[in-house]
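Next, two complexes with chain A in common: one pairs it with chain B, the other with chain C.
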Partner chain A sequence: MKRTSLWTAYGFLLPALSLLLVFTIFPIFVGAALSFFCYNAVTPPVFVGLGNFKAIFSDHTALIALRNSIFYLAVVPILQLLSILLALLLNEEIKAFRVIRMLFYIPVITSIVVVAVAWKWVLAEDGLLNGALVSLHVVRSPIHWLTDPSLALWSVMMVTLWKGLGYYMVIYLAGLQGIDPQYEEAARLDGAGPISVFRYVTFPLLKPVVAFCTIISSIAAIKVFAEVYVMTSGGPLLSTTTAVYYLYDLFMNRLQLGYASALGVVLAIIIGALSYLNYRFFREGGFESYA
Partner chain B sequence: MLKKSFRFLFILVIAAVFVAPFYWLVVTSFAGSGDLYAFPPKLLPGHFTLSNYAQVWSAVPMARFFVNTCIIVFWGTLLTLIISALAGYPLARFDFKGKKVIFFILFATLLLPEEAMMIVNFLTCSRLGLINTYAGVFIPSIGSVFGIFLLRQAYLAIPQELEDAARIDGCSPFFLWWKIMVPLVAPTLATLAVFSFVAYWNSFLWPLIIFKDTNLYPLSVGLTWLSGTFATNFRLVAAGSVLAMVPTLIIFVALQRYFTKGLTAGAIK
Partner chain C sequence: MEDVIARWEKKHPGLSVEWIDLPFSAIQQKLIAAIVSGEPPSVINLNTDMARQLAESGILLNLNEAVSREERGRYYPGFWSPHAFPWYVTTEVLIYNKAIFQQAGLDPNKPPKTWDELVQDAKIIKEKTGLYGWFPAIKFIQELQEQGIPVVDSTGKKALFDQPPAVAWLSMYVDLFQQGIIPRETLDLSKTYQQAVDLYQAGRLGILQTGPQFLNRVRNEAPSVYQETQVAPLPLGKGKVISAAIMNLVIPKNAPHQKEAVDFALFLTNDENQLAFSHQVLVFPSTIKASEDSYFHASTGDSVLDTARRIGADELKIARELTPDLPNAKPRNEAIQAALENALLGRKSPGAALHDAAMMWDDLLK
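Showing the complex of A and B:
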């Protein structure tokens, strides 16, 4: 590689770096600073020290929102498991499979608003799902998918699951295709059944991909917003109020910018910790010990 | 053979259940008045009609939403491509002071949630007069770390000899980049273009914050407004939803291979 003048290198980097400075790095530091202030965007900010953070831990809604967001992580293992199964089922170069793989990918490229609007009607009390369940005599009376506080968050998760399935399936398919068939062939010759081949050969080799997908989907789950905004507006009884939904509400409707920033800082810390845990968990017995 | 056809049938059933909500959305958008929730659901609309589409087009500024979305997508995608193609080049091919620091910063920003930055970005945008403007939607996100890394990978794959030959011929660095390097990374630029297109077309939370004026709404925000306004007439909402998803569907079907390429670029080395 040739040493080039600093001017040339930074000339190419200038537009990207200046944008990132203003819209990514600046907000990180100012956002962190703002979390120590009480600010409503109209009157000058007032320094309150750790007041906002203390308030979060005595604010009923904030605690419920954080709890719901963490609970939302339940979608991650289900989503990953189903995506891997789907990838295994469709991992064959048949023309019909190519079409079916495309079908599973449609929700991924569709606006989350369209997806949520469609599902809101599917899950309505007199919606498609209840219609099907009642006429097939699976249930006697319609299920309150989105209006029962003990059920609503699960229903929203189902939509996230439905939208994400195709995305992870494609990544796993690429991962599966990257595995040398010799390994699986060797295990089969040694008399391993399909389940053993998967458990002892395929899955360990797929682990780096599983790690990547788990981290990505955990971060997405913690940050869920649009599904909640369109389908339930955080209700009933705060049962679907997630951290980002509450942050949006504090910011846009209540103009509590300092307090919302503090919630953003808490969220960033949770996401950082989560990524680190995922990384640690998957590194052990991961690819390095097999390669 | 039996096992194989059983597996095939199983996959077909799963796929059918999976697309049912979308299928129903499309059927409903063409359905005349009558029972929305007839069971078993009708596979084809009883009274086929285009009136829902005509109505939604006239009842809300749907055409306006379309144009707004197209403007945001066009500028957002174009600028993302230019900025990523510029920034990825020195990170792949030059050796210069501060490169490591820049790498570290880029990686670090990938981990931080943009939701935590949106409050300050809103304040910045209002200082810059970008609230209620199209530019306010795309300017904060055109410096895309994903795009920069994607392009850097593409530049790394180009043989050094090609570049050296051009340099001996006395090309200026900018000319060399524009005439030699950019055409060589065109496939990757196409991948990034497809991804940016879908991302800007579907972006929701940020435009929701930036726009106060209904006439400037992109489709995603317009649809939530539509579904609130016509809460009792789902046929109209369905028609609007179908209109909003058709362009991304066309792009996807036409340019499918670029999607797979971009998706797996991050996951598998």
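Showing the complex of A and C:
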């Protein structure tokens, strides 16, 4: 490439890069540095070395929060499976399907706060869902969706699932439409049934998309915040306190800026490791692997 | 507010006041950012919890030194703190739905006068109408003091709220919760106020225990419920005291124009300006003279608001800031929250839950 056109390219990249630098890269470094200090925003920071990191592992709430966040990953396989299923079902050029696809996509473009508030009403003790279940005699008394410690996290996960479904469905639809129909046709001619076609042809070719979706949704699951903030405030009995919710609480309410940053760093390491594992697991596949 | 500021600016040529309103949820965030950047505002309007938190980190101006004894004497002593000018105050009242009272067979002109009656009415309303009679926003530590139950000993180092009277108070909530008389959403203490107001406005709550300033909201957002609304005083406990929610003005030590900041805070909280503010909103002055003004007992045409204003002004005389001024507020509050959740959910007996919380307090108060 000519030198001048290279400079032009950088010139075009500059606005986006500078925003990224100021609002993403710079805070990452400041946050990482802050994790070695005890800092309350008011008095000057005091260097404590690895003290904050050690404290995490003896902090009961932090350990519960990390456990809840990792548990939240259970949403990922369910979400991916349902999205793929939905994409397969709706991957036909039928007019009605277009409408259905659009309906599934509405939650995606709805603000998460609005979604969480609405679901809070649905899942309330005397909410829509309990009202329906009780009047249809499915259950005798209302289910404590958001106030039973053993159920609350599942309920919040259900909302994440509901909101994410349309998004991943669209990505899988795009993935499916990128697969040349002649491969599946060839398999069918060789006598493969629909399940075999999916298992031996469609899914392997879809693997790069699965990898992408799994990584993205794993990161989103570990970082879950708004649903918890709006629906349960981390309760009851910390059962829905996720790592990012706790981090927010440490930072905003307790002014433990250094400690919160350390928790952020630990979370970043977990996310990095997880993404690497996901990548390793789904690395093979796609058209390139067979060409 | 513009008028008040203009009058102050006129007296202080060369100085101007920039008034910034922030939603409650954004205050802390913005404030931290301002303090971190080394440019704190000169005067900050905060609730007591946040003011205490800042005072504990030692960044607030000591007002006992900056303000003369005479000027301090204008405020109710129960509202004054060394780090905050008390500004406007609210106490809780009972806002109740007469139609629901009637439906439950209760006399709408006889609201509960004692806590026992309140509990009884809540049970009757739930039983007869299926609606919730009461949705408490539990403020356990303040309530104990209203009931005359000690929270800590005289040294402030030992928690006393695991003694039988406090356990009995918690047991009352546990019974109501487990019998389904009060909503399970009582658990989420950070949101109960909002949820209770929502439920009341939907015409599905008998008694709303909250500040009288919410009446305006009910009037605007739920006019049909407002028509059925009446107000009653909060039942008085053995402590003969009522918890006050105080909005304060604080001044950071490193604030620019510190002397003028003190002057502005005094100006904003003087009798005349507080009284004028109470004419605008249903809140009460923190100064003795302003709160004794005839306005609070006058008739303005809306009997519900008039009643609320009269009750609020009467309650003010026995109102105090009941948030204990003790270190480590946040972890102490969490210990109480955990005790409430454990007890309400039946994970621990009320006694055991409070005992565990008291042990944590003892640790935090050392």
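Please note the rule applied: the second predicted complex is superposed on the first by the 271 of 291 C-alpha atoms of A that agree within 3 Å, B and C clash if a C-alpha of one lies under 4 Å from a C-alpha of the other, contacts with A are read in each partner's own complex, and residues count from 1 in each chain.
Convention: contacts are C-beta pairs under 8 Å (C-beta built on N, C-alpha and C of every residue); 3 or more make two chains touch, one makes a residue touch a chain.
Remember, predicted model here, so these are calculated numbers, not experimental data.
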| item | value |
| --- | --- |
| Chain C versus chain B on the shared chain A, clash or fit after superposition | clash |
| First (chain B), second (chain C), both or neither touched by A:G164 | neither |
| First (chain B), second (chain C), both or neither touched by A:L128 | first |
| Touched partner set for A:A41, first chain B, second chain C, both or neither | both |
| Touched chain A residues, chain B compared with chain C | B |
| First (chain B), second (chain C), both or neither touched by A:T24 | first |
| Partner chain(s) touched by A:L247 [first = chain B, second = chain C, both, neither] | first |
| Candidates 23-31, 95-103 or 167-175 of chain C: the single one with C-alpha clashes against chain B | 23-31 |
| Common interface positions of chain A, toward chain B and toward chain C | 41, 126, 252 |
| Chain A residues touching chain C - in the complex, by the definition given at the top | 40-43, 124-126, 144, 146-149, 232-233, 235-237, 252-255 |
| Contact footprint of chain A on chain B as seen in their complex | 7-8, 10-12, 14-15, 18-22, 24-25, 37-41, 82-84, 86-87, 89-91, 93-99, 102, 105-106, 109, 111-113, 115-124, 139-143, 145, 148, 167, 173-174, 177, 198, 201-202, 204-205, 209, 219-221, 223-224, 227, 234, 237-238, 241, 244-245, 248-249, 251-253, 256, 259-260, 263-264, 266-268 |
| Residues of chain A defined as touching chain B within the complex | 1-4, 6, 8-13, 15-20, 22-28, 30-31, 34, 41, 86, 89-90, 96-97, 100, 102-107, 109-114, 117-122, 126-128, 131-132, 134-135, 162, 165, 167, 170-171, 174-175, 178, 209, 212-213, 219, 223, 225-226, 229-230, 244, 247-248, 251-252, 257, 260-261, 264-265, 267-268, 271-272, 275 |
| For the chain C and chain A complex, residues of the former touching the latter | 28-29, 32, 35-36, 53-54, 57-59, 183-185, 187-188, 190-191, 330, 338, 341-342, 345, 347 |
